Amino acid sequence: MADNRNLINAAKEIVSREDVKYIIGYKRGTYGFQIMPAFAYNSKDVEGFIFSPLCAKNLTVYPMLEEKLPLKRGEEEDKRKVGIVVKGCDSRAIAQIIQEKGLKREDVVLIGIPCRGVIDSKKLEKMFPKQTELADLEEDEEGNYIITTNKTHKVPKTELISDVCRSCEYPNPVIYDVLIGEKIEDFKIENFERVENLENKSLEERWKYWENHFEKCIRCYACREACPLCYCKECMVDLLEPQWVRRSVDLSENTAWNVMRAFHLAGRCISCGECERACPVNIPLMELNKFIEKEVKEMFDYTSGIDTEEKPLLGMFKPDDPEDFVL
Amino acid sequence: MDSLILLKEKLPEMLAEIAAKFTLIGPKEETGFTQFQELDDPSEINLDYLLSRVPPKSLVFQQTETLFTFTKGKEIKVETPKVDSGKRIVFGIRPCDARGYDLLNPVFEGRKEGDYQDLFYVLKRNRSTLIGLSCNEPAVNCFCTSFDDSPASTKHLDLLFTDLGDKFYIDVITKKGEELIENLSKMFSKASEEDLKARNKVEKTSISAITRKMNTEGVTKKLGGMFQHEYWGQVAMRCIGCGICTYLCPTCHCFDIQDESTLKQGGRIRVWDSCMNPEYTHHASGHNPRPSRMNRVRNRVYHKFNFFPRNDGVFGCTGCGRCIDYCPVNIDIINIINDVEEMK
Amino acid sequence: MTEDGTMTGEGMMMGENAYKPGLAKIADITLEATGERAIKTFKLEFLDEDLRKNFTFKPGQFIMVSVLGVGESTFAISSSPTQKGYIEFSAMRYGKHTKALHQKQIGDILGARGPYGNSFPVEKWKGKNILFIGGGIGQAPLRSVINYCIDNRKDYGDLNIIYGARTSKDLCYKDEFSKMAGMDNLQVHLSIDVEEEDWEHYVGFVPSNLMRLKPSPENTIAITCGPPIMIKFVIQDLIELGFKDEQIYTTLEMRMKCGIGMCGRCNIGNLYVCKDGPVFSWDQIKDLEGDM
């Protein structure tokens, strides 16, 4: 694909730079429609990079995962830059982390790719169960996905696109060093209708709804690890002195965990949907996050991860902040 | 006992009887996935599934278990909680998950005379009768055949039901299974030669539909010389430490113990834990033997394919494929072991 | 075996809850080291009379002590099995549980279960000289063997103790070392890491003290315990001095939760420190592939 070639060339140029350690991009996975995050250290490694609507993973989780290991004698810390391939939402994560001073702008080199939405892997699996052989998926100009297994299939985009992508307002990366492809016009399909459904429920219905889901939580913390913005060195739930959330897996502690995490992401979540994708028991986490995102917009007129110079929402105070909840 | 036949239309009757006499546990449909739960109403059972999301190890190795309770005050009392003793019939468990139970036995029941036993596991295991359900078709990442096992294996179960279309073929394997059949009303008939042929055909079809294979020839020895290899760093680079592989694995058994109490009373609980957490082996002194993801991923692969075989003689993997299905970054254990085999 | 099924010294029988501790009263507390990393030695007496009389263990084994409601930690039993009716352990104040432990008073009740792990093969060592090399609180498990050898003095040859800590305030068991001063064929060599006023003995790290003293490997067993880095250097130095792999023993430590080989946390390679250890001879672990 033309875009793939441009992507590989740009990546080759960047990875050959002296001041770049490695680039993180997408490569084909080990079976079916899988895509795996790949680390390229030289031009040869970059050859396998691809980009397609299958590339749902948010790669910006990696810069904050790097461990600072004790150095051997005479060894110096490798402080070179990290290159990352980012979609629109992913770049917002980087912008938000820079806002919070978790990263410096010069620590990363971003290859931005305007994105028309990624697929929902659960819906794809339903449509093509047992797909063991490697398969491909591309988007055509008419709003369909062309899927190549041992045959070719054409499926309307709306049947497979991820829910979060339907309400996407930032298909183009907000910060980047190189842009691959043309910027995309806004293509938001609808407001996040699942939030509207929730809003229409009564308080009691909502509580029952969430009780049902939180009962299934197995506290694997995959949502936290997959989220690029959950990068606290010591998560509140791991602390022992004092212990905020008990380790027992029951409704009370599960609710505490999920609600506290949603609140810690208020004004920070950039709607990449990784948490919901990672959850093994299908808890609709994006509903929580999107709900809070809506309230944040209404109360403070703030959108996370747009401007790296802006101050983080809950880290600053403006005299005209709403205070109708203050008695 | 000879093999039996149960007509499919009679299954609800059998399940209802089991639910009335004992406790029935079976696969139930949740929001888009299947999970093993206690069923008061046997019609809730859903046999139209390939693999349960959370493996049924949660039935014998509960996620949250109270080890003992205590009361403080003038006199401190410590008490073991009462464990239920009624019979539990687990219906519809897959042969690979049942194999997982056998792999948990050396851990919780001890390996030799004088070893400690986990009371809670032993009691739950002893009161469970396992009725398996053969897999008529494998899932994408199934590879139980790589471990000398089969989708219709009778090795680890008490009874095995194989779906022949309009009826079930029942292998009666252990005394426990026999006792259960004898306890139920006469709704079974003897299986014929024809039935046996049909059952074997189902097994054969299922086996040939499994496409993914893991080559495990001599892998324990091969891994023994590879501990410092740079391959582990490469594989672990993309691991995000989410721990889903450990929570959904039928043989992972790591747990944490914590005290929970109020002023007057409390208890000590055991909860599942994951070796993929950075804090897992963190000493109070600050030293951490597994400081990076490379150490942890390597430890996990070695635990299943080197440490466990060296201690207990079998691979610590059942071939269910859940870790491959749900890993968000496509870390594929089949590929890893096959890569190891191909290395010089 | 007590009536309510709590721990005895000999191992489990069917139907027992391996996680349930026996209750023990704190009979005495000795403040060994002061400061940020304070060390206290606790003397425990089981409340149950049978348990108190019959609890037995071998030198090198450990117990899991808990402050009920706070947590549980692993401690090496630092008294000798020849001392009947009580057990002692030493705890450094580090985290949530040990902080709660250090606030306990004489007479308070703790939970204790054990003994777990393997032990030093003291039977095999009869007739040999024993060299003890300890650092900081690593001296605790060694003290169990030292007292055992002193109580069975005729069975063992020369006893040499090389022990050091960071400062004189961090040295443990100072009173006991003074008492050992007059004993036959027993030498104590103390050291601290940094120069101090009024310090008459060696100043330097424990491995350097070892190389300065150059003990002979002839018919000698060497046991070492301390911070991981100290163990590494001491073993290197012992090999340089001519000690064979089978003559060198150590006791290792890992974060533990169950103590009985089930929670999977304390493994080094395929060995569990709580079941196959904590005592290891160097030839057992020198080629061990694992994260230490």
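The chains carry the letters A, B and C, assigned in the order they are written, with residues numbered from 1 in each.
Just so we're on the same page, a contact is a pair of C-beta atoms (placed from the backbone, for glycine too) under 8 Å apart; a residue touches a chain by one contact, two chains touch by 3 or more.
Bear in mind that the values here come from a model prediction, so they are computed numbers and not experimental data.
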item	value
Most centrally placed chain - per-chain CA mean versus overall CA mean	B
Selected interface, A-C versus B-C, where C-beta contact pairs are more numerous	B-C
Rounded Å distance between subunit A and subunit B, as computed from the means of their C-alpha atoms	32
Rounded Å distance, subunit B centre to subunit C centre (Cα mean)	38
Cα-centroid distance, subunit A relative to subunit C, in whole angstrom	49
Of all residues in subunit C, the ones touching two or more other chains	71, 95
Subunit A residues counted as touching two or more neighbouring chains	none
Where subunit B touches two or more other chains, by residue	256, 258
Complex contact set, residues of subunit B against subunit C	67-68, 70, 72, 76, 78, 80, 107-108, 114-119, 224, 227-228, 253-259, 261, 266, 268, 270, 273, 275, 280-285, 287, 289-290, 295, 299, 302-303, 306-308, 310-311
Contact footprint of subunit B on subunit A as seen in their complex	29-32, 34-39, 57, 61-62, 65, 67, 69-70, 122, 129-132, 212-213, 216, 218-222, 225-226, 238, 246-250, 274, 277-278, 280-282
Subunit C - residues contacting subunit A, complex	71, 95-96
Residue ranges of subunit A touching subunit C (in the complex, touch as defined)	240-241
Residues of subunit B that touch subunit A when the two form their complex	30-33, 35, 53-54, 63-64, 137-141, 211-212, 234, 237-238, 240-244, 247-248, 256, 258, 260, 269, 271-272, 274, 277, 279, 291-293, 324, 326, 328-330, 332, 334-335
